[in-house]
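What follows is one structure encoded as structure tokens, with my remarks underneath.
Which chain is which? They are A, B and C, in the order written, and residues in each are numbered from 1.
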Amino acid sequence: MINSFRKNFKGVAIEGITLFSALLIITIIIVMITVIFIGGKSQLSWEFLTSFPTEGMTKGGIFPAIYGTALLVIIMSIAAVPFGTITAIYLTEYAKESSFIAKTIRFAVRTLAVIPSIIYGLFGLGFFIKFVGTHVDSALYGGTLHWGQPNLLWASLTMALLTLPVVIVSVEEALKTVPQELRAASLALGATKWQTIRKVVLPESVSGIMTGTILAVSRGAGEVAPILFTGAAYYLATLPGLGDQFMVLGYHIYVLTTQSANVDQSLPIQFGTTCVLLMLTFVLNMSAVILRYRIRKKKNN
Amino acid sequence: MTKKEKTGKKKKLSGLEKWQSERIDITQKRFRVGDYLAEKVIKGVAYLSIAIVFLIFVFVFRESLPIFNTSKPATETAVVGKQDSQETYGAVTDNTSTTQESYGSVADSSSKTNVQETYGEVTDQTASQEQNILAGDSASSKNSSSDTYTVSAGSGSDDNRTALKSMATKEWVPVSANPRYGLLALILGTIKITFISLLFAAPLSILAAIYVSVFANKRMKEIIKPTIELLAGFPSVVIGFFALMVLATFLQSVFHYETRLNSFVGGIAMGIAAIPIIFTITEDALTAVPKSFYEASLALGASKWQTAFFVILPAATPGIFAAILLGIGRVFGETMIALMATGNAAQMDLNPFASVRTLAATIGAEMAEVVFGDTHYNVLFLIGSLLFIFTFVINAVAEFYVKGKLMKRIQGK
Amino acid sequence: MSENKIHTENMFLYYSEKMALNNISITIPEKKVTAFIGPSGCGKSTFLRSLNRMNDLIDGVRIDGKVMIDGVNIYDKNIDVVNLRKKVGMVFQKSNPFAKSIYENVAYGPKINGVNDKSHLDEIVETALKNAAIWEEVKDRLGDSALGLSGGQQQRLCIARTLAVNPEIVLMDEPASALDPLSTAKIEELIVQLKEKYTIVIVTHNMQQAARISDNTAFFYLGELIEHDKTKKIFTNPEKKQTEDYITGRFG
């Protein structure tokens, strides 16, 4: 009797500890969201989102940072989504699951996913700027500096590499949910493999490609380390083009909190910017979760 | 009208008949250009992802190579190149050099410690050895450009030799008349902070994963799991901001330590970033344990928790090990949180409440201000190569060793 | 028997090392319905799939021996598999329409074969749907999603889709096994009509079905072809004991 009570007590205690851990993590998340939201709430206005910073970044809005972030993720997606989708197509449609090359590619993709983002920054600097950019300059501009320096294009491409595994994994998952029978039906009608992929498999996995894109955009919008020295700028009075440095939300937060002359005065803007970035990534991730949930549900049917 | 219709119909019919009467020849393999090209392109693009991993290593390592060149003096062209980049980067350096002042104001004025105090005067104090030394940002506002340039122009074989030699020391003073690139303090700082964050994140995430996969009912599971996975989508700069603004103050008021930003705060913040990784992989590993294990154990009269700890957990250990490894990888390379919440002072100190500077943060803080092609620049890339190799190895171990073991245990192969 | 359409000689099929078909030699006549019967796992579906090389999609499948269609060995090196599958169409066990409109489902085959003329396509679609005896049911909603059709309609749509490519042989892999009796009856009726134009090979585990619709029946057991003859003879006076045991329901 006593023994079983003791046993029972131990069980309850252990379950309690595990539950406590789970709840503690959830609490941390909720506290983070709440604090940032409350801190930034007062800042959130149409004006804040659409105007330039003023008075040494202590007043005004964050429009250029939003604009820069948008451009960054758009160019990044243009590069990463087709690239990632094609790789996923190779892995699911062409490569044999057990083949050496497929295994190697999968390993490479997972490696890309765990390489620290700062390394991508170094690569962007060493490859895009110093190697590609400098060569382009010496070939087209006789050596004067145009592309051999940090800019929006190089930063976006660097970010594209970083988000590549995100796209590949999502699209692969979606492609795998396309029933094998549909491929068989198409092939049995005399369609070639590529026709089958283009006309049957890809249309069926549009939502997966969208999930991948959204997740990649969310990741790209929030990462700062890869663009620290490949294009992000502290302050710009004009909106950037491809060859210019640019402002971006995440870097803006970093700069305001650690590098600006008057941290205290810009505190509301810091909270406001963080709140905007968090809400942006939050909304993106939520929609990705919902989309993915739908795909999985479809698979189970 | 009717005539027209008729002829139209006739024409159509003949089209259909033609379609139906077409005999298909199967004896000659047809060459389909579209398919051929599609396959080649798809294959090529897919192979590129392998190439990218190589390229990343090659180009990061390549930029660090000159440091190993201890025999030849620096060439003329290299110096010219430096001059170019120096000019363009002057602006950047100026921008960011406002750092020093602002930094102090982040911390409470009351708890201003020796870290902040040394900060502005690094160049003078470099000789004093056991001081807390901050580097990088110390390319100080007024005279940085010219100073750095003189140093870099002189960087030749001798400099490289001394730079290489200095790596095994404790002092990280990259910008001074006598630059030293001691990595020990940085490495120690990185390890310390990794240790702290794992101490915080690993038990928490693993226990939570056990709760979700063993104890939780379906409803709790459907709330907890996506919420924790949502944390994975938090940008690290947001977590860093939270740590810097809220967590640091909170923890200081609880533990009453001196320096506001230190390895403890940074470690906890990075732990938060690592939680979703460890949680997800552990949960996957626990769920992968076959249901029959669970049922057999229950059938033998074991309770739920006994089953969890003596049956499921041991079966999933390799997976949990992989989770921790990848958590380490994440923390090791984390840059933004390290930049924002650790205090960024390169010092040899095991005290968890002392400021630290990690390898990744060093790259993040100093790369934007360094002179291209300079020894300092090369050393930063060398640090990058080290980080790359480290995470690559961690991933490879997690992938091959652990997964192989996991398969063996679960499937008994 | 009339003209030989399909003819195999000493055909073996292996999954990796495991032998799935053992020395199959059979001749299938043109414009007749041939039924394959046998207990599940006996290789009848595997054999059917090897007649239009759908087994190529599975890793590790190896085939020895001859599989001749119109006198051509379809496993020869320079056979064009894509064209082979146009010539030898297939209807699957589970109806598998694309998530497109009814019209697009049927037009899929002609379209990938380069038919782009709208009126021409309309004609092909209409003819195929009529041939599959589903035209009357869907003619007013060709633009609707095919997934909205009932199971039996979906299966007939899949047949129409196959017919639209204009095959000479139609392989059917238990086409009615997932359908209710009414839909099954419709499909059976359709099959009997189709043999005027097409050579039909159907796999079924329903012996009554085989008896009702087929001209010839082949009995497979454990990867071997046990007996192949006129349906009437198989069901009334089989030569082999195993066949008799099977059709009288003693096993399988």
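We adopt the following convention: contacts are C-beta pairs under 8 Å (C-beta built on N, C-alpha and C of every residue); 3 or more make two chains touch, one makes a residue touch a chain.
Worth saying up front: this structure is predicted, and the values here are computed from it rather than measured.
Shared contacts of chain B and chain C, meaning chains that touch the two of them, come down to A. Summarising the inter-chain contacts, the pair of chains with the most C-beta pairs in contact is A-B. In terms of Cα centroid distance from the overall Cα mean, chain A ranks first. Between chain B and chain C the centroid-to-centroid distance comes to 55 Å (mean Cα coordinates, whole Å).
Centre-to-centre separation between chain A and chain B, using Cα means, comes to 14 Å. Centre-to-centre, using mean CA coordinates, chain A is 48 Å away from chain C. Residue positions 82-83, 86 of chain C are each in touch with at least two other chains. Residue numbers of chain A whose C-beta contacts span two or more other chains: 192, 195. For chain B, the set of residues that touch two or more other chains comprises 32.
Those residues of chain C whose C-beta lies close enough to touch chain B in the complex are 69, 72, 74, 76, 78-80, 82-84, 86-87, 110, 115, 117, 119-120, 123-124, 127, 166. In the complex of the two chains, the chain B residues touching chain C come out as 12-13, 15-16, 19-20, 22, 24-30, 32. Listing the residues of chain B that touch chain A in their complex gives 32, 34-35, 38-39, 41-43, 45-50, 52-53, 55-56, 59-60, 62-63, 84, 88, 95-96, 98-99, 101-103, 105-106, 203-205, 207-208, 210-212, 214-216, 224, 226-231, 233-242, 244-246, 272, 275, 279, 303-306, 308-309, 326, 329-330, 332-336, 339-340, 360, 363-364, 367-368, 372, 380-381, 384, 387-388, 391-392, 394-396, 399. Of all residues in chain A, those touching chain B in their complex are 7-8, 10-11, 14-15, 17-22, 24-26, 28-29, 32, 35-36, 39, 83, 86-87, 89-91, 93-95, 101, 104-105, 107-112, 114-123, 125-127, 130-131, 145, 149, 161, 164, 168, 192-195, 197, 215, 218-219, 221-225, 228-229, 234-235, 250-251, 253-254, 257-264, 270-271, 274, 277-278, 281-282, 284-286, 289.
Residues of chain A touching chain C in their complex: 96-98, 179, 181-192, 195, 199-200, 203-204.
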